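Once you scroll down, you'll see the structures, which are given as structure tokens.
Each of the two complexes below includes subunit A, the first together with subunit B, the second together with subunit C.
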Partner chain A sequence: MSRRRAVLALLAVCVLGCLAENAQGQALHYERPVERAPQEKDIGGGYVTPKVQKPLPRRAWLEILDVALLAAAMGVSVWIVVKRRSRRWLVALTVASVGYFGFYREGCVCPIGSIQNVTVALTDPNYHIPMVVTATFFLPLLVAVFYGRAFCGGVCALGSIQELVLLKPVQVPRRLDQALGLLKYVYLAAAIWYAVLPAAQRDFVICRFDPFVSLFRRSGFAHMLALGAGFLVLGMFVGRPYCRYLCPYGGLLSWFSRLAARGVSITPNKELDCGLCAEACPYGAIEEMRAVRRKCLYCARCYAACPREGPLVKAFVPLGEVR
Partner chain B sequence: MSGPGLKNATIAAGAVMVLSVVALAVDYAVMRGWTPASDAQIAALQEKVQRDAKLAPVLAAEQKRIAEFNRARRARVNWLSLVLVGAAAGFLGGAKRLLAGQARPPVRVPERGPSAVWPRAGRAVAAQAAAAAPEIDLTFVDGLIEKEGRGAEAAIPILQAIQAHYRYLPDEALRRVCHLTEISPAQIAGTSSFYSRFRRSPVGEHIVRVCHGTACHVAGARQITDELRRELAIAEGEDTDPSRTFTVEEVACLGCCSLAPVLMVDEHTAGKLTPATACDALAAVQPGERA
Partner chain C sequence: MSGKVSRRQAMGRVARGAAVTGLGLSAGFLVHKAEGQVVWQIDASKCVNSRLGEVGVKVCDLCVKECVVTQSAVRAVNEYSKCGRCCVCPAYYSVKSAVGRDGLPSEKLCPRDAILRKPIGEADPNDPANNFYEYVIDEAKCDGCGKCVMACKEPAGLSSIILKVRHDLCVNCNNCAISTACPKDALNQWPALKAVLGESAPA
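On to the complex of A and B.
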């Protein structure tokens, strides 16, 4: 319990740091000097330089709506998994998330890429991030401390699209799974390294190599589109390859979700030890008949496969009659 | 939609998906070849315009043409990609349904009647039901009483012998004992229910002793017993399956804790069990082998 408190305190400090950064950022006046272009006096003839045009930011209330929707989607995800225990509902949520966070919002702002923005904001005094990015980054971590990787399931657009293409999952051998799983921590370290570099060499690698964002936008570099398509084709047979082996935010979430007390649970008190749930899990997240919080991606397939869950129960003898 | 209709629709969606991918790829490849050429054209025109201002409208027209072309291309790609997303959704949805229909295992419903796992035993039950309760041959009891005597002190040896002969204490045999000896029904009832070795209900052909000693308990003996009872369709409060093939007993210790969880089927021992392998252990004795 005290460990969880320490983690929550750490999260709070980071959030406060980002908010302070944000407040400071609001106070800064920004103007790009136009010096290199021909000036009015050089052009002559009464020419007036037009005002510097900046793209308008997304309206504030829409940004707040985005954060609210993110929070609501995670709340619904937790509710479906903990209370409703239904795969069908979760698929509906997944489709909605791909539609909104993916194709409508075009995969941005996402917590995965915001790792680097938050890192830069915390290390570089000249860099500021808006409140929306702060909230987007920390909300899923906060939820993970209590309920595990609720964000991964039906909320994350990148995860959701892979979730939907999964057709015929093969079980990745455990050793290989573990070894590949380490890649995401390497990626996380590289992302942080590229973020703390001085501004000139800084590189937002996570967003640059986001395999699905160009699919959501239906435009982008050909190699990124091909990479995204490749991940999706691979994802038809290997469950969510990006989430499990590459996603740096997945690495963070799996650390935080170790503290989670609730989440996907295999029918306590009425299980049959039949192992159908472990067979159904495409992510190898069920070990010894228990869902492993740090691996569980909230897809609820185990519920769908369980003879003791949902509509199938009706086909069975009432619970009292079978010991 | 189901069956062939679903299959055809899925194949059609897959074809549309592949076609739109091919179209997008071809479009991309053509554009890659085309763009540098038009860039060079524009650059050349711009150079000419710098020398001869009269050519400016030609340059403007060319630039407009390229802009229009790019806009049209952008719209085309947008439409194609929307078609691709729609077709992919249709294909995946259909394919998932088809695969689910293929792979769905039959729902295992634990039956209340004859065990589904031991069909031979199930037939035996049907035969038994047809023949009603079999008559018990009581001549053994008569002979036994002649040998053991008729006094109350002979109660336990008589009960032991009856159990050894019939494998349980049939009510008819006990009534016969009361009838022929000085032993009272109350004494028989008391003795036979006090000692757990005596049993009043028929025993199955094979006795399965599941160890519930400390080591086996910790290693999951409860789950093993539960699984066996479920698989054999043993009703609550009973210990023998409806076909009287197996009697499942919980015993204290079988003396091989290193094999925990362990069970014995008659004289065969099976260790290091899991709920999945518990029922395989029963196959050591074929059901109905002694029938």
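On to the complex of A and C.
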């Protein structure tokens, strides 16, 4: 009878299994062997208790170096755009910023996220922010008061990475551009709202939904990495979607840059009204042949497109005619 | 600049001056109230894995799961001066595993094999229990899963192993993801000097 045989076989396996278990031995009856920790003199033999490692946070001078580099990069950005008028140099600065502020510093501290920290520190007496964060937040605004959005161009890591992927810019219809541009103020208001909530409900939404930080850290939630990749793919055609439509700090900068006296200028005194610069601007920042400070993102593409500016001039225009 | 300033230019200057003053004042206020760096740190008296009395509960591994850093910035740290240096360490060995030929449990507790065990001085192979052992945690391997912390807790051990945020690995998020998830509110921001050197309770 096959059924009886099967039952017998099963029993045999069980018995063997149990035997094997016993052969392997049982678990120890564990009791704590000591009541107090033996010290150096109990152990003897010249034993020295090892030091417990206490890794320090990033050194203060390195943090200050970050602020100095931020200031220097903005200075260079202003110099390139106002004096040098060169797209090529600006691309070099952009690459350097993505490397340092993006991949090396992993996108932190950045002025965009610090909006909320500054708001909390201004409203909550128990909340303090390090001076480095204060400086990071205020320096780009200060520069914007005089020179416009120099930070956005080749300094901001989030802006720079989008600047570099923009290969086939398409013009966004003006109406749509303006409507979408309002989103960043909504985001700014939401960020401030979440920051002024009591400590328990506070939410640092800007950092949490920073689309590129996971990319810079090369780790993070899959959905955030996907969002970052999505922005980069979209950013190949639509110029800097995050900066123009979502960045709350961009909103602040565009307010302050209204006051700026200097910045990108369309060939003073020698323009042709050809409109090539306006066509070249992926951000719709050239209106009626003039760069609009609050929209200009310091990319210097208009200079590269200008027949009276840069290498084209040197190649085709006889000496002395232009300069 | 021909000495004469147009009305528009003058207005611009006034506006810029006002903006700079405003920015300066708010920055000055923040600098005035700044209190140096703050860092995230775990309060061992709150953490489920190290809190006394929490015996027979599930080991909490949220520090591994929630941290945005790939291998988590939390590490198990052995406070050597509190360590019993036992032959059979409940945090090193899985004491429920079968005893092997050498009379010691056959399995290790750490899933990443991050704890190193070495005898202090000469060990008698015939009487291994009559010796002291040093347990060093390899921080490159540890990810702060908390298993050894729970096992080392009194009454089984002497609670010498606790979880700590490593400040060289921590990226100092505004809202530490672990702190948001921690059921015991054990992660808080401490002034850096206290957290690193003093290791006292958060201010």
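Rule of thumb we're sticking to: the second predicted complex is superposed on the first by the 261 of 323 C-alpha atoms of A that agree within 3 Å, B and C clash if a C-alpha of one lies under 4 Å from a C-alpha of the other, contacts with A are read in each partner's own complex, and residues count from 1 in each chain.
FYI, a residue touches a chain if its C-beta (ideal position, glycine included) is under 8 Å from a C-beta of that chain, and two chains touch if they have at least 3 such contacts.
It should be emphasised that the depicted structure is a prediction, and the values quoted were computed from it without experimental measurement.
A.B. asks: Touch check for A:K168: first (subunit B), second (subunit C), both, or neither?
C.D. replies: first
A.B. asks: Quick check for you: in the superposed arrangement, does A:S219 touch first (subunit B), second (subunit C), both or neither?
C.D. replies: Both: A:S219 reaches subunit B and subunit C.
A.B. asks: Return first, second, both or neither, reflecting whether A:R84 touches subunit B, subunit C, both chains, or no partner chain.
C.D. replies: It touches nothing on subunit B or subunit C.
A.B. asks: Identify the partner contact of A:L122: answer first if only subunit B is touched, second if only subunit C is, both if each is, neither if none is.
C.D. replies: After superposition on chain A, A:L122 lies in contact with subunit C alone.
A.B. asks: Between subunit B (first) and subunit C (second), which, if any, makes contact with A:A37: first, second, both or neither?
C.D. replies: second
A.B. asks: Looking at A:R290 after the superposition, I want to know if it touches subunit B, subunit C, both of them or none. Which is it: first, second, both, neither?
C.D. replies: neither
A.B. asks: So in the superposed three-chain picture, is A:P57 touching just subunit B, just subunit C, both, or none of them (first/second/both/neither)?
C.D. replies: After superposing on A, A:P57 lies in contact with subunit C but is clear of subunit B.
A.B. asks: Residues of subunit A touched: more by subunit B or subunit C?
C.D. replies: Result: the larger residue contact count on subunit A belongs to C.
A.B. asks: Go through subunit A and flag every residue that touches subunit B in one model and subunit C in the other.
C.D. replies: 219
A.B. asks: Touching residues of subunit A toward subunit C in the complex: what are they?
C.D. replies: For this pair, the touching residues of subunit A are 24-28, 30, 32-34, 36-39, 43, 45, 47, 49-50, 52-58, 60, 63, 106, 108, 113, 116-118, 121-122, 125, 128-131, 134-135, 137-138, 141-142, 145-146, 202-204, 207-208, 217, 219-220, 256, 259, 261.
A.B. asks: Hey, which residues of subunit C end up touching subunit A in the complex?
C.D. replies: Going by the criterion above, the answer is residues 12, 15-16, 19-20, 23, 26-27, 29-31, 33-39, 68-70, 77-88, 90, 95-100, 105, 120-121, 129, 132, 134, 136, 139, 155-158, 160, 166-175, 192, 196-197.
A.B. asks: Write out the stretch or stretches of subunit A touching subunit B in their complex.
C.D. replies: 103, 164-165, 167-168, 218-219, 222, 229, 272-275, 307, 312, 315-317, 321-323
A.B. asks: Can you list the residues on subunit B that touch subunit A in the complex?
C.D. replies: 21, 28, 74, 77-78, 81-82, 85, 88-89, 92, 95-96, 99, 107-110, 112, 223, 226-227, 229-230, 236, 274-276
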